[in-house]
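Look for chain A in each of the two complexes below; its partner is chain B in the first and chain C in the second.
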Partner chain A sequence: MALKSFGFVLFITLFLIVYFLAGRVVPQKWIILAFSLYVVLRATGPVSLAVLIIVCVMVWTGGRIIARDRKSDPGRAGLWYLIGLVFCIGTLLYFKFLTPVYDGLAAIIANRGGVSLPEIAAPIGLSYYALSLAAYLTDIRHGKHEAEESLPDLFAYAMYFPALFQGPINLYKDLMPQLKENHSFDQTNLIYGLQRLLWGYVKKAVIADRIGILVTGMLGDENVRGAALFFAMVLYSFQIYADFSGGIDVIMGVSETMGITLKENFRAPLISHSVTEYWQRWHMTLGTIMEKYLYYPIVLSKRMRRVSKKIKSKYLSRVFAATVATFIVFVLVGIWHGTGWNYVVYGLYQAFFTSTAILLGPVYKRIKEILHIHDKNPVWSLFTILRTFVVLTFGRYLIRVASLSRAGALYARTFSFAGAPKLSVDMLTQWLNARNLILMLCGILVMIAVDILHDRGVQIRTTILSMPLPVRYAIYYAAIFLIIICGIYGKGYDAASFIYEQF
Partner chain B sequence: MKKENKTRKTIKLRAVNVSVFLLGFVLLFGGFQSQIRNKWNAGSDLRPVYADYEQQPTGSIDVLFMGTSEIHEGVSPMTMYHENGITSYNLATSWRHPITTYYQLEYALKHQTPKLVVCDFAALFEPDLYDALGYKISDTMPDPLVRLKLIHAICEYDKSVDPIDYFLPMVRVHDMWSTMTAADIGEPEDNKNYPPQFRGGMIFMREYDGDDDFEITPELWTPDDSDDTIPQANADYYDKMINLCRSKGITIVMLNMPRVEDAPNKAATWAAMENFFTSRGVKIYDYNTYEAVQALGLDLHTHYRDETHLNWRGAFLFSEHFAQVLKADYSLPDRRGQYADWDKTYSDFAAYYGIGG
Partner chain C sequence: MKDEIKAILEEICPDVDFEAEEALIDDGVIGSFDVIQILSELMEAYDIVIDADEIEPENLNNLDAITALVEKKIEERE
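So, the complex of A and B:
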């Protein structure tokens, strides 16, 4: 059941009816858990569900032992912390890297006339809840909160089904209290939630997947080279943002209708002025996890401070730890996205620009002073936005394809100018006709405009709610019919799943 | 108390708002759907034809024609009535698949019990059920139960089909909105040009516009390497058609129209087809041979609109001949003068085509 499907819409409708009606007699967290179990079973099967249950049980057990023995028996607490991490992060690493080993073993056993080992699909949402549970254990170890007493409650938290599809990554302290409360039906929540859900589907079905047709066509045509190929990758940048943020909007919208507020995952990342700022605005919940549980522990660790002290340069000793931590974090971010060397290089690419900004910070500041450049100058601001966008677009070559060699080939095609056909409307209409191109362009502009407005504090949803009823209804009808009439779905198109569902 | 009243008022107002929103959505959705669904890319709208068919007095139709566009454009019930008094109805449609033909037949036989059903077997080897054909037959099917069964059968036949596309035609628009023109909204052009009350079918007044180098020669029927395997699902549905007719005491026969375009294919698959139907005791009228085309006096540039379909001259010629054959073979009654409406309709028909009354 994909996020973008009639089946999901029907599923959510049924869920909300049960959630509010049965929620009057049954704690709503059990209803969420029941539907979550169904989602996991349906998406990846009973064996994957069993894996998820085992991980949750071990994390729950480990959490309780850590909380109990944290002060009295730190060795035992530390051991169970490791065991818990092995189960959640280890499971993630297994499905990322080691499934070929299992598949090979299964083939050997089957060939020798033995029992067929069951196929084990990666549990849906593994990349997201593995980090959530690891963060949960770490927070208990550091005394940030107590362990969850109820195993079913922990299941409900880990398997919170809206987030299984593509996040966001929810911290225990943020989500669990909301799950433990019962939420009565609230019209405002419903309207805001449905607004957000609609906007998410517009971004995904109308904008992202439409761009995807053009991007796939252009990248698949060896004749498309030079500026035209770079243009395709520019479009891919918009596609991946519309796709990922659209999916998150659907998830946030569903949660909002339930009365549950999740942490935002995006804050207008496409108008970032630097790579550093971009990662503060893009996939923010992953950023929070990485910052809180990796970056700061590395920077503030005794070992790092000892090494930093040995550096003679005062400035470099200050930034050394931050630079090393940045590289480690971004390499792991890259690997989180995928298992190939291209993802590792992607991480290094991001780390390079972020670290350069750290290391050369004073130099940049001095240059701007000399040239009288102010950050708030509109021309400078636009320049930095475009510069950042171009840098990030070049980085996305590495995650658009399956391997480093293919990324290399794409780069080579981009810089192959001799005889490259000019980018033109005629070229683009090979894959999308004129009406679709116009709709795609309008969609991108609207998406950017909405982001800019949000970034400036304009609450569009509140503004819509304050409009006269006929105007509001006209906007809703327009969005719904835009999705129905112009959405990319169904037999006529590939059922393109959300890009981030694969992670 | 005041607070309770206020709460009740708020709930009522919310209920009204939601109802208005849903009603507006249903009206918009239904309104769009009723206009846009006509783009089937598979010929004319069958709804006016079915409406006319259902108006025919019970027992007034002696011959029912089913099948594909060769019959749809090549058999003129009005000609068969005027020359031989045979009352027939032409429910053949452009494109074909045994599934759609079967369910059309099931619908048709709920309203009439003809003595004879004449069907072509052009669909016997057809592997693909084109979406447009499935949509057209489903969207226009007046009988909801038959429509449900048809949709179920299509989904069983092709697992990639999403039944939502059949129950909510509006959602198909996403596949075609960017190529739609004004002609795709509202009544199909063919409907405007051809009245449905000529007892179905669609006889075009068009001159030949096919390949000028194409010639009807004996060598045209040299078999090519076409596969003569009959897909099991197709065979099953033809069997269903045969059994349905026989269960109602109706004789079913197969008609092979003089479709010269795929003569090599026909020659290659003839043995398999003949075996299929003769083993089931179904008579075949085969006009797709060089000798038959010559005997009928059919000329490509005079009687055809392309290598597949007869034009109005060809349809009248063929219908007159075939009516005599059927009358002789099945002792069909001469119904001339029995139904005033048929005589009136023929007058309109004659005026439409500029032929003697």
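So, the complex of A and C:
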């Protein structure tokens, strides 16, 4: 069941009916848990569900022991912390790196003995599941909150199904209290939730997937080189943002309808003025976890303090600590996104730009003073946004393809200008006709405009809600119409396939 | 003490109005490297140790919270 499918919409509708009706007699967390179990079983099967249950039982047990022995028996608490982490992070690492080993063994055993081992698919949402439970254990260890007494409650939290599809990562202290209480039906929540869900689907089905057709077409055509190829990668930047943030909007919308508020995952990342700022605005829930549980602990660790004290300059010694931590964090963020050297290099690329910004910070500042450039100057501001966008777009070459060598080939194609066919509307209409190109362009512009308004504190949702009824409904119908008629639903399908996809 | 700390913070982030800002961390007014610089400076100035798990918005969101954190750490030291 994909987020962008009629099946999902039907599933959510059914869920919400049960959630609010049966929720009057049964705690809503059990209803959420039941639907979460179904999502995992349906998406990745019973073995994957068993894996999630085992991890949760270990973390639950570990959490209780750590909370009890934290002060009285730190050694035991530390051991259980380690055991818990091995189960969370170990499982994640296994499914990211070691499945080929298992498949190889299974093949050998099948050949020799004729016994076939079961196929184990990576559980849906494992990355989010594992990180949130690892954070849960760490917080107990630091005495931030108590351990969860109820195993099913912890399971309902970690497996919260809306976030299994593509995040966000929810910390225990943010989500669990909301799951423990029952939420009665609220019309405003429903309207806001549906607004956000519709906007998410517009971003995903209408904007991202339309761009996707063009990008795939252009990258697949060896004749597309030079500026045209870079243009395709610029479009890819918009695609990946529309797709990811659109999916998150759908999830936030569903949660909001339920009366549950999740932490925001994006804050207009496309209008960042620097790579550092971009990472404070992009996939923020992952960023928070990385910063809180890796970056700060590394920088402030005793060992790091000892090493960096040897550097005479105060500023440089801090830069040194921050740089080491930045590189570790970004390489891990890279690997978190996918396995392969291209993801490692992607992490190094991001770390390079964020750490040089810190290292050369005083130099940049001095240059700006000499040239009388003020950060709030609109021309300078626009320049820094574009510069950041270009740097990030070049970085995305690394994650658009499956391997480092392919990324290298893509870079080479970008810089082979000689004889490259000129970028023109005629070239683009090979893959998307003029009508679709205009729709795509409008979509991108609207998306950027919405982000700029949100960034300036304008609440578009309340503005829409305060409009006269006919206008409001015109907007909602337009969105639904756009999603159904202009959404992209698989190759060779007409619009109707959205409706019939699951039948 | 509050004024002393304010002076330290202003030295590191001259563009930030520490009297007015209430959500330095939550609103992203100061980034992670600013946090590192501020903590390192405070640790040196007051001979205290601030651990990574104390970097929480509620401890660093405004001047009062930061002052309270430093005072708590000085007390713990003594």
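In the analysis below, the second predicted complex is superposed on the first by the 489 of 503 C-alpha atoms of A that agree within 3 Å, B and C clash if a C-alpha of one lies under 4 Å from a C-alpha of the other, contacts with A are read in each partner's own complex, and residues count from 1 in each chain.
By our rule, contacts are C-beta pairs under 8 Å (C-beta built on N, C-alpha and C of every residue); 3 or more make two chains touch, one makes a residue touch a chain.
From a predicted model like this one, the values you see are computed outputs, not experimental measurements.
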item	value
Clash or fit (per the criteria above) of chain B with chain C on chain A	fit
Touching partner for A:144 - first (chain B), second (chain C), both, neither	second
Chain A as apex of chain B and chain C, Cα-centre angle in degrees (nearest 10)	160
Which of chain B and chain C A:321 touches, first, second, both or neither	second
Which of chain B and chain C A:6 touches, first, second, both or neither	first
Contacts of A:358 with chain B and chain C, given as first, second, both or neither	second
Touched partner set for A:292, first chain B, second chain C, both or neither	second
Which of chain B and chain C A:276 touches, first, second, both or neither	second
Contacts of A:433 with chain B and chain C, given as first, second, both or neither	first
Minimal inter-chain CA distance - chain C and chain B, angstrom	37
Residues of chain A contacting chain B in one complex and chain C in the other	none
Residues on chain C engaged by chain A in the complex (per definition of touch)	15, 28, 31-33, 35-37, 39-40, 50-53, 55
Footprint of chain C on chain A - complex, ascending	142, 144, 267, 276-277, 280-281, 291-292, 295-297, 299-301, 314, 318, 321-322, 358, 375
Complex interface listing, chain B residues touching chain A	14, 17, 20-21, 24-25, 28-29, 32, 131, 160-162, 164-165, 170-175, 177-179
Contact set on chain A toward chain B in their complex	6, 187, 433, 435-436, 439, 469, 473, 476-477, 480-481, 484-493
